C-alpha cells in the first residue's frame, strides 16, 4: 500500500524580551539557579501577573509577518496541572482567544519550489522552569529561572507531507522570527523548540490517521530524523495489522528513535478557564498598523525582490534570504561592487565554503561585506583576474591586509593587460615548447581548441597568475594559428 | 447532574488531594448537595447572554519591558521546605 | 483610649493628648489581657508595633505627620506582611513568614499606621462564621456563644472588642460586611478594582476585594483614602484617581433616592432583623430621602453562580500550595504524587477541600460549559439587575444578613451556611461597593444595615452611612468587653 505522511508542527519560540512575560525578572540565559525567579515567577502567595508590552508587540509582529488575522481581543487562560517546574499549578496561556489568528508561511524546498503552510493560530504563554536530575540524594532539583519567559506557540495546520517539508517550515519560522528580531532562534539553548504531530494514511484516504505527538525536537535535523523514524514505525505497525496509539513520544537523538512517554498516565484534563488575574488584551487598529509599518523586509519579500529586481535564480535568492544576516551581508557586497550576480556567486561560493569549513556563521566572518565587495569590484574592473581574486580572499580571511587593494598591491597581483608584455611572455612559452607546438600544428583544426590550454597555463604561470586570461587566450590563438 | 463516588475521586486526583475512600464518601454527600443547589442555574434561560469574567469592562494594562527585579533567592528560599545549591528539591521525577 | 474612633484618636495624637507609643502600648495590653476570650488574633507583633509607633511619634515631632500617622490597626491574616507570619488561617501556611508586604500594607505603613498584628479568619477566606480557622474559632464579643461572622471575623471582633480601632478585611462574598454586621461595626467593601489585591492571598480573584473595617463610616473613609488607587502590580486594579472620601461625608441627604430590593425582604429574613432595617430606612426618610421598592430579579441565582465561579477560581489559585517552595510539606514523601497529595490533604481543612473539589469538578471536561460558562452568563444578568436598579435609585438598602449572629456550631451543613450570604454575594458578582452599618440589635446581637451603590460610588455610600451615624448611635454601642477600662 502507498502511504501518505501528514505532519503538523507546534513551534515554541522564546521571545527576546528583557523581562518575563508577567514579571520584571530578567530572562537572561545561564544565571545561577533561581536567581532570576522573582515572587511572581515562583507563584508566591498573593502575587499577581502584569503583561509585558514587548511580548505583545512581538507576537503581533509575527502575526503580521505571516499575514495573519490579528483579533482585536485576546484572552489569557489558565491550563491547570501539577508539575514541579510549574510553580503555580497552572500555566498562563491562551486557549480560546489567541493573540494571532490564522495565517500562512511560505516554505521553499530544495528544488527551489515553494509551498504555503497554513498556521492555525499563534498564542502567548509562559515557559516553565527546569528539572535537574543530577543526584541530590535521590531528589530532583528545580530551577525556576526560565519560569515566566515569554513563549509564542505557533501551531500549524497538518499541511506538511514529508520530513523535508517539516524541516523547511521550521526553517521558515526560524528565519521569520530572527528577521523580526523577536527571538534569537538559538535552538541549542532552547529558544526554539518543536513538537511534531505525525500520522500516516493510505494515499487517497480523506480522513487523517491517528497521530503521535513527538515532544521537544530541538534541531532542524532532529525534526527530519524523528519524522522519518515515526513514519517508518507507524507504517510498519499498520502493515502488520496493528493500530497507532494516540500518545506523546520523545525523540532520542542518541538512538535515533522515538519512544513512548508515560503511557500509564491517564488522559489530561487541563480545566482551562479565563485567568481572572488578567483582563482581556485589546489591540487598537492604530497600534497594529503602527507595528505593520515598522516591519522589516521579510524573507519571502526579500527572496522575491532578489529574483525580480536583481535577476538572481530562485535557488540563489532562497539561500541568500534564509537569514537576515546573510541577506544583509549579500546586499552590502552587492552595493559595494555593483553586480548582484557576481556578489551572489562570491557570497555563496568562496565565502560560504570558508564559513562552512570553519563552522562559522556569517556574522562571524573574518572578511567583512565591505572587504568582499571591494574585492569583487576589482574583478569587475579587471584590476585582478578570478584566480588572483581567490588569493586575495584567502589573504583577507587570514587577516593579511585590511583591504583588497592593499593585498593586491602587496602581493603584486594586479592583472597584466598590457598586450606587449603578454605577447612577450607568449613568444617565450612558444619558443620553450617546440614539441607541444608541433603537436598543435599536426592536429585537426577542430581539436586544437582543447590543446591551447597547455599554453595558457604556461603563460599564466609565467605571469604568476596576473595576466588577463581572456587576452592570453586571444593572443595565443592568433600566434599559434599563424604557425600552422 | 448527579455526582458519583468516582467523580469525587477523579476531582481529588486532578487537584492532588490525598483522599481515602472514606474521605471521598464523606465529601460525596456534601458535594452532591452543593451541586444540587448549583443546578438551579440550569432553570434560567441564558441564551445569547455573553459570559462575564470580570465585573468591570476593563482591559489589560501593559507593563514596560524592563528588568525591575533583583536576585532575592535567599529571602524567598528561607520559607522553602527543602533546598540545596539554590534548587528546590522534590522526590525524583522520572522522565 | 480604646473608646475613641480612629478619627478621634487622630485628633488626640495631633493635640498631643498621648503619643502613638502610649496608644499602641494600651492596645497591646488590651490584646494581651482580653484576646484569650475571643481569639481574634493569630499573631500579635508587639515589637514591630512599638518600633512603628516610635517612628510615627518621631515623624510627628518633625512635623511630618499625616492623617493616619501613629494610628494602630489590625490586619486580616490574608494580607502578606513582610517578616511576619502570614497564615490565611490555614495549617498550609502555618509556617509562612512572608518575604514581602501586600501593596495595601505597604501603603498603610507609608501612611505611618502601626500594625498590631494579624487577625483570625476562615481558612483562605472561605466561610461565614470564622469556624473554619486552623487557629480555632473567633467568638463574638457581644456574646461568647455566637459567631463573629466570616471570613474577616477576627478583624470585626477585634474592632468591636476595642482591641484595635480599625482593621483591614477582605470581602469575596460578604466577608467584610457580614462580620461587620454581626459584630456591630462598620465595614466597607469597595468596588472591585478600587483597592489593589497584590499580596493578598487569593481566594477568588474576580471577586476578592480588600476594605476597611472600623467603628464609623468616617473612619472607613479615612482608611479608604490610604488604600485605594492604582497599583502597577495588579492588572485588575483600576487606573482611576482617588477622591478624598471624607469630603462629601457631610453632604445632606435630601432628595436621596433609596431602593429597597423586594428580593431582600422575603422568606428567610428574621423578622427582628427586618424590623431594625425598616426602622433605619425610616431614619433616612426623616433625613429627606425618598424610598421605593425595586427588583433584582436574579437574586435567587447569585448563590448558585457564586458557588461555581468562586470554587473554580479557588481550585486553581490554591494549586500553588504544593509543598515545594513554601508552606506545609508532608513528612518523607515517597514520590512526587505522594508529596502533593499528602501535603495538600494535611494542609487544607475540610471547607477548603470541599471548594477545591467543587471547583475542580465544575471546570473539568464535559462540565465546564454547563457550570462555568452558565455561571458567567448568570453573573452578567445579576450585574445588569444592579445597573438597572441604579438607573432608578441612588442607593439600595437592605439587611446585611438574614439573621443576627448565629450560635457557634449551629450551621454544620455547608449549604445552609452558604445561604447565609444571600444578601451579600451578588454584590461581589456585580463588583459594586457595599457598606454595612450598625442599625440595631436582636437581643444582644447587632444588626447590620447594608447600603449598596453603583461602581465607584464609595463617596456616596460613605456619605449616606455617615449621615445615618450622625442621626443614630448604634455604632457607638460597645459590648461589655470593650467597656473594660484598661
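Chains: A, B and C, in written order; residue numbering restarts at 1 for each.
Here is the rule we use: a residue touches a chain if its C-beta (ideal position, glycine included) is under 8 Å from a C-beta of that chain, and two chains touch if they have at least 3 such contacts.
What you see is a predicted model; the values in this text were computed from it and never measured.
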{"item": "A-B against B-C, pair bridged by the larger set of C-beta contacts", "value": "B-C"}
{"item": "Most centrally placed chain, judged by C-alpha centres", "value": "B"}
{"item": "Inter-chain centre distance, chain A versus chain C - centres from mean C-alpha coordinates, in Å", "value": "58"}
{"item": "Length of the line joining the C-alpha centres of chain A and chain B, rounded to whole Å", "value": "41"}
{"item": "Chain B and chain C: spacing of chain centres that average the CA atoms, whole Å", "value": "23"}
{"item": "Residue numbers of chain A (touch at least two other chains)", "value": "39, 42, 44, 50-51, 80, 82, 84, 142, 269, 271, 276, 278-279"}
{"item": "Chain B, residues touching no fewer than two other chains", "value": "14, 16, 53-54, 58, 60-61, 63, 72, 76, 82, 88, 90-93"}
{"item": "Interface hub residues of chain C, defined as touching at least two other chains", "value": "96, 99, 206, 232, 235-236, 315, 319, 322, 324-326, 336, 340, 360, 364"}
{"item": "Partner chain B, residues of chain A touching it in the complex", "value": "17-19, 23-26, 32-39, 42, 44, 50-56, 75, 80, 82, 84, 131-133, 136, 138-144, 250, 261, 269, 271, 274, 276, 278-282"}
{"item": "Complex interface listing, chain C residues touching chain B", "value": "95-97, 99, 191-193, 206, 232, 235-236, 238-239, 298, 300-301, 303-305, 307-308, 315, 319, 322-327, 329, 333-342, 344-345, 348, 353-354, 356-358, 360-362, 364, 367, 370-371, 373-381, 383, 413-415, 418, 428-432, 455"}
{"item": "Partner chain A, residues of chain B touching it in the complex", "value": "14, 16, 53-54, 58-69, 71-73, 76-77, 82, 84-93, 95"}
{"item": "Complex contacts: residues of chain C adjacent to chain A", "value": "79-80, 86, 88, 93, 96, 98-100, 102, 197-202, 204-206, 232-236, 312-313, 315-316, 318-320, 322, 324-326, 336, 340, 360, 363-365, 368, 372"}
{"item": "Chain C partner contacts - residues on chain B that touch it in the complex", "value": "1, 3, 7-8, 10-12, 14-19, 23, 27, 30-31, 33-35, 37-42, 44, 46, 49-56, 58, 60-61, 63, 72, 75-76, 78-82, 88, 90-93"}
